[in-house]
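In the two complexes that follow, chain A is the common piece, with chain B as its partner first and chain C second.
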Partner chain A sequence: MVKLTIDGKAIESKEGKTIIQAASDNNIVIPTLCYNEELTPTGSCRVCVVEVIADGVSTLVSSCDTPVKEGIEVYTNSENAIKARKYAIQMLYSQNSEAPAIRALAGKYNITEKLPVEESECIGCGRCYKVCSEVVERKCIDMSVGGLSNMNEKLSVKWNFDNCIACGACAYVCPTHAVSIHDEDGVRTMITPNAKHEFSMKKCSDCGKYYAPNVQIEWMKEKTGLSDDKFDRCMDCR
Partner chain B sequence: MEDYNIFASRVVTKNEPLAPGHRACIGCGEVLAMRLAAKAFNKNTIVVNATGCMEIIASQVPYNSWRLPWIHTLFENAAAVASGIESAIKVLSRKNRIPEEEIHVVALGGDGATVDIGIQALSGAFERGHNITYICFDNEAYMNTGIQRSSATPFGASTTTSPAGKKSIGQSTWKKDTPSIMVAHNIPYVATACPSYPFDLMEKIEKALSTNGPSYIHIFSVCPTGWRTKSDLAIRLGRLAVETGVFPLYEVENGVYKMNKIETELKPLSLYTKPQGRFKHLNDDQLSAIEARIHSEYEALKEKCELTQVREDM
Partner chain C sequence: MTNAIFSTWNDKLLDGRSSNTTFTSEQVGLPLTYAEDKDVNAIIGWSGIVLNNENTNIVSLACEYVKAVSMITCGECSIGFHGVKMSEDILNNLVQGTGSAGDADKLLYIIENMKSNTKCNFCSSAMKAVHDCLVYFKNDFEVASSPHEPYKKASVIVNVSAPCVEACPIHQDVPGYINLIKNGRYDDALELIKRNNPLPECSGNACMASCERNCVRKDIDKPVAIRALKRVACEYGTSNPVEPTKLNGEKVAIIGAGPAGIAAAKRLISLGYRPVIFEMNNGYGGMLSTGIPEYRLPQEIINKDYNEIIKLGAEFRGNTPISQVKDISGAYKATIICNGATLSRPSNIEGWTENDNGMYQGIHYLKSVYNKKIMPVSEHVVVVGGGNTTIDCARTALRQGATDVTILYRRTMSEMPAYKEEIDAAIKEGIKFEFLTIPVKVQRGENKVVEVVCQKIELGEPDESGRPRPIPIPGTEYTIYCDKILSCIGELPDTSIYGSKINLTDDGRVLTDKYGATSAKGIFAAGDCVNGPSSMAEAMASGKRAAEGVDLYLNKNSKIKQSKQEVFDTYHQAFLEKNVDEAFNFKMEKQESPVAELTYIRDNYEQVEKVLSKEQAEREAERCIKCYKVMMIARD
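Right after this comes the complex of A and B.
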């Protein structure tokens, strides 16, 4: 066990936990954007920044990917932490002022002015990359640090649709809806920040509804080893 | 609505603010709705719960299933208690007695607690503009006390106080349109949801909690016990309610209506009513008459979406 304080509260936490996990275990809420507790952190947005004082030295760290350490003092809302968090939010807001998740943060921290950075729907948080590699295990998305956009390093994501089963998990986790899936007339269209791809869907043998992309069903058959007739019908007719 | 059907569920939080081991009936759709809703609350949430099934099954003395601060209220005053808590937080924060941070106040009530006995407290809270979220779990009757009809019971349903018989069709009045009443309060966010569409439900709860001002969510909650259905049908019946037009999924943001799932062709109503004992006395003519009204209301809702969206674009 590691002993630390968060906002003055003495806490014990298991070694290896991140600051945000220790905070959450103690009902202390730190705002986040790129973090999803079921994925490993990318630490890219800096919204979760906190001030840490260790051996008298103060630093600002992202709490979602910084482990707890014996004796540290963590301040989630100190003047320095708030200043850094506001800057992180302002950066996000400058890139994408439409996404509800970003608008909510900007509203909470009274941010209305934008910095002179390029606007883009994708804010490079990396969640799509993480979900596809860690949960779906298809690894269709490449993530790289793509150039310096003014003052911030920005991650960029790129899809390889050959591997993709059009499950939409990346769309689900995307905090800005820069990735989305749309089903119409037997076709699932995936829209990503830099490409669009269409997948044909399978028709239910009972009611005739298109219910899932063919590639996804092929993949499920392969994974489960079940026979074709187990995948003939939609959820309602099964 | 996006069909995130296989992997998205694995990235939903594993945190369960509503602990397992509660005493809801097998196959209860209402407690599933409450569990999903709770997953979308953050740790700074205070839950205010009117009496009814959801309060009874989660708080049998000396146990309590909630891992969040939770307060039980009377049948009629959840919204009033939530208003008081919200105001107290404001005052304590102004006086620096508690740290300044966002605390969500969520009131929960059944349909009886919400659309009947608690409606004046709720109307008052919304009119005063308290920053609270009110969630109504609508299982279409007073289930906790033995299936008495409420004003949310659908036309034709047999309940213990609207029994079907030789001279009675069962419930003789049309279901009260509560979401519209809430919209009429000019609050920023109103939505309908159903646990058969879990991602949509959780997204709406998150939206409601992050709304500044009052928000209202009306959740369709299948009750196998009170509806006289098999206990494995809650998800399917919820889906059928949406697909037949019985319970459309929509949200209203600042007066602008948006349907989350538009059916190009509504499924026949009988698919929904057949598996339910409460409707088994209805004949084909009666069902067609009910179906006709459901279809016309569905069209009216679609029109409302168009009209308010046009007004918004102007």
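Right after this comes the complex of A and C.
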């Protein structure tokens, strides 16, 4: 066990936990945006920033991807933490002032002024990337970034639809709805920040309703090893 | 001697502007000139700003610098990415004379916020220097914000590197290809690796990986598996098929097809020359094939890399030993000697007779095994030394049927220059080590070696190499029974082919300038014959440099940027330093390469290390924290 304090409260936490986990175990809420409990943290939005004093030295860290350490003092609402958090929210708000999740944060912290940055629905939080590689295990999404040899595009999420099973997990986790799925006339359309793709869907052999994209059913067959007839009806008729 | 008038480097504020004081390079902590005497006006980089010339335009300097930073910023957090972009825009306006009052304050607001809350250290530390400019040269920014004629663009040299990249002799963009692997982009990763690595397969399999020894992650948990990830890119990636290049340039002779020779050839092709490689062995690889055992680097892997360069346009003449350089150099405008270090240093063990039955120099032993001139026998083997050749010899001896193998090394395990993984593998295969021990005498029985007399050592003060000097302890002699003794104490080039015009160093290596030029006109040298026995990567770097030397020599309009190289060399040490705050980095488990379970070892040359799976590779790639650093030098 690791002993630390959060906002003056003495806390014990398991080694390997993050500061945000330790806080939430003790009913201390830290605002977040890119963080999702089911995924490993991306640490990209910086909203969860807190002030940490370790060995007398104060630093600001993102609480979602920083492990607890023996003896540290964490302040979730110190002046420095609030200042940094406000800027992080201002940055998000400047890119996308429509998304409800961002509006809520901006409202709470009184952010109205925007920074001169390009507006875009996608704020590069990386959740879609994480869910697709960690949960769905398809790795369709590319978040390669800058570097020495300029081989990488900047700040972009790119879909490789050859791998995609149109499950929609990415749309589900996206905090800004920059990814979405729409089913119509036997076609599932996936809209991503820079591309659109259509997937044909399978008809239920009983009721005739389109119920899932073909690629997804193929994938389920492969995963489960069950025969074709286990997958030819929709949820309702099964 | 240039001195600095102002510096914030390494968090040390030195300000001599009002008192007219200047500071030396030692005080600043950075070289202030490059190539011995060329002046630098200003240095700006990850640790601050240094000013040597008070007339430097700070605003235009900061602007150029942020442009460079903006090429690298990754976009994993918007605060860093957009922060750099916004700063670039503001600075650009200030330089163009289109800025407005309050710009300096806006810039300060953005940068102060970046300093405290970015995902990694790159943007925040890179922008610290601009912060310093704003704080200490406030007036310059205010002046710039009122309308004016555009400022003159500073003449600058930018270098981007990372501690791992800097430690790699060929400067592979390590974080770059690792990030591509993380995203499953194996083809691109391989393309990127090939940009400055002529032998991706060979180095992915058997590079000494000096990068890993300087990986920042090492201070957090364990270094990133940089070499194994390169092998991953070769294994799962396909790069564009090579097409023979149209070459109209001069023919250039290369003596020796080792890593230096082939790297020189590839660079020459890219510069338009037609390289002709003379090789004494039949096949490709030089020391890579005769000096690195098959279980580490199979010949077919070497062939893959070589075939590509041959296809690009290098001519290969195998089985063609050159007895005198001048025999061929006359027919070519330029010649690059890459004949390696293939002769052994004389052994000072009493009773040692060169290549006598049972006594071998390590590299000759490996070569004889490679050429199948030594057949497996059950016997006791002693190997002397502590480098990679020693371990290679010991593990090869085991495969040659030795019942037991003992390594004698005069220092301790932690001083062994051999690759850590190799030492571990040797231990696992049952090789014994006798540390702090030297052989003093070989005893012969009838027609063969029977035992070796050893003596214990104690370690004294560090010698020139920085390692403790070994001192024999009198009266500690003892004997080890053995049938064969292999000595691996370093190699020298075969100087007999050089003739009288090529000057040598005192210890018998070829003397060259930085671009491999020897004292003989039109004759260059690269690799182990210049540097003494060193790694594959060093040989490649040296070969490449010599090819550039040839271009500088033959081509009046050469595009080789010498001053850029001089600047890179000057600040090499600063780039090598690791300065990432590891306090809050998560430990992440390193993915180890799978190894073959050898059910028998005699005559088994199966490659021991296997390639990481894609899943392992992508997980391992997540461990890299992208420690890029940018530095910019302004001249006039």
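We take it that the second predicted complex is superposed on the first by the 228 of 238 C-alpha atoms of A that agree within 3 Å, B and C clash if a C-alpha of one lies under 4 Å from a C-alpha of the other, contacts with A are read in each partner's own complex, and residues count from 1 in each chain.
Simple rule for what comes next: a contact is a pair of C-beta atoms (placed from the backbone, for glycine too) under 8 Å apart; a residue touches a chain by one contact, two chains touch by 3 or more.
Bear in mind the structure is a predicted one, so any value in this text is a computation, not a measurement.
Colleague: Looking at the overlay, does A:G225 come into contact with chain B only (first), chain C only (second), both, or neither?
Modeller: In the superposed model, A:G225 contacts neither chain B nor chain C.
Colleague: Of the partners chain B and chain C, which touch A:L92 in the superposed model: first, second, both, neither?
Modeller: second
Colleague: For A:I123 in the superposed arrangement: first (chain B), second (chain C), both or neither?
Modeller: second
Colleague: Kindly classify A:G56 by the partners it touches after superposition: chain B alone (first), chain C alone (second), both, or neither?
Modeller: Touch status of A:G56: no partner.
Colleague: So, A:G168: does it touch chain B (first), chain C (second), both, or neither?
Modeller: A:G168: touches chain B, not chain C.
Colleague: So which one touches more of the residues on chain A, chain B or chain C?
Modeller: Between chain B and chain C, C touches the greater number of residues in chain A.
Colleague: Just to be sure I read the superposition right, which of the two partners does A:K108 touch: chain B = first, chain C = second, or both, or neither?
Modeller: Once the two structures are laid over each other on A, A:K108 reaches chain B alone.
Colleague: Just to be sure I follow: which residues of chain A are touched by chain B in one complex and then by chain C in the other one?
Modeller: Common interface on chain A, chain B vs chain C: nothing in common.
Colleague: Can you list the residues on chain C that touch chain A in the complex?
Modeller: By the definition above, chain C touches chain A via 71-79, 81-82, 85-86, 89, 110, 113, 116-119, 160-162, 165, 173, 175-176, 179-180, 182-185, 188, 191-192, 195, 583-584, 586, 618, 626, 628.
Colleague: Which residues of chain A touch chain B once you look at their complex with the stated criterion?
Modeller: Against chain B, the touching part of chain A is residues 7, 24, 27-29, 36-39, 77, 100, 104, 107-108, 131, 135-136, 167-169, 171-173, 180-183, 212, 216, 220, 235-236.
Colleague: Can you name the residues of chain A that touch chain C in the complex?
Modeller: 42-46, 49, 52, 54, 59-62, 65-67, 69, 80, 83-84, 87-88, 91-92, 94-95, 115-118, 123-124, 126, 133, 139, 142-152, 154-156
Colleague: Under the stated contact criterion, what part of chain B meets chain A in this complex?
Modeller: For chain B paired with chain A, touching residues are 2-8, 10-15, 42-44, 99, 101-102, 199, 207, 210, 212, 236, 239-240, 243.
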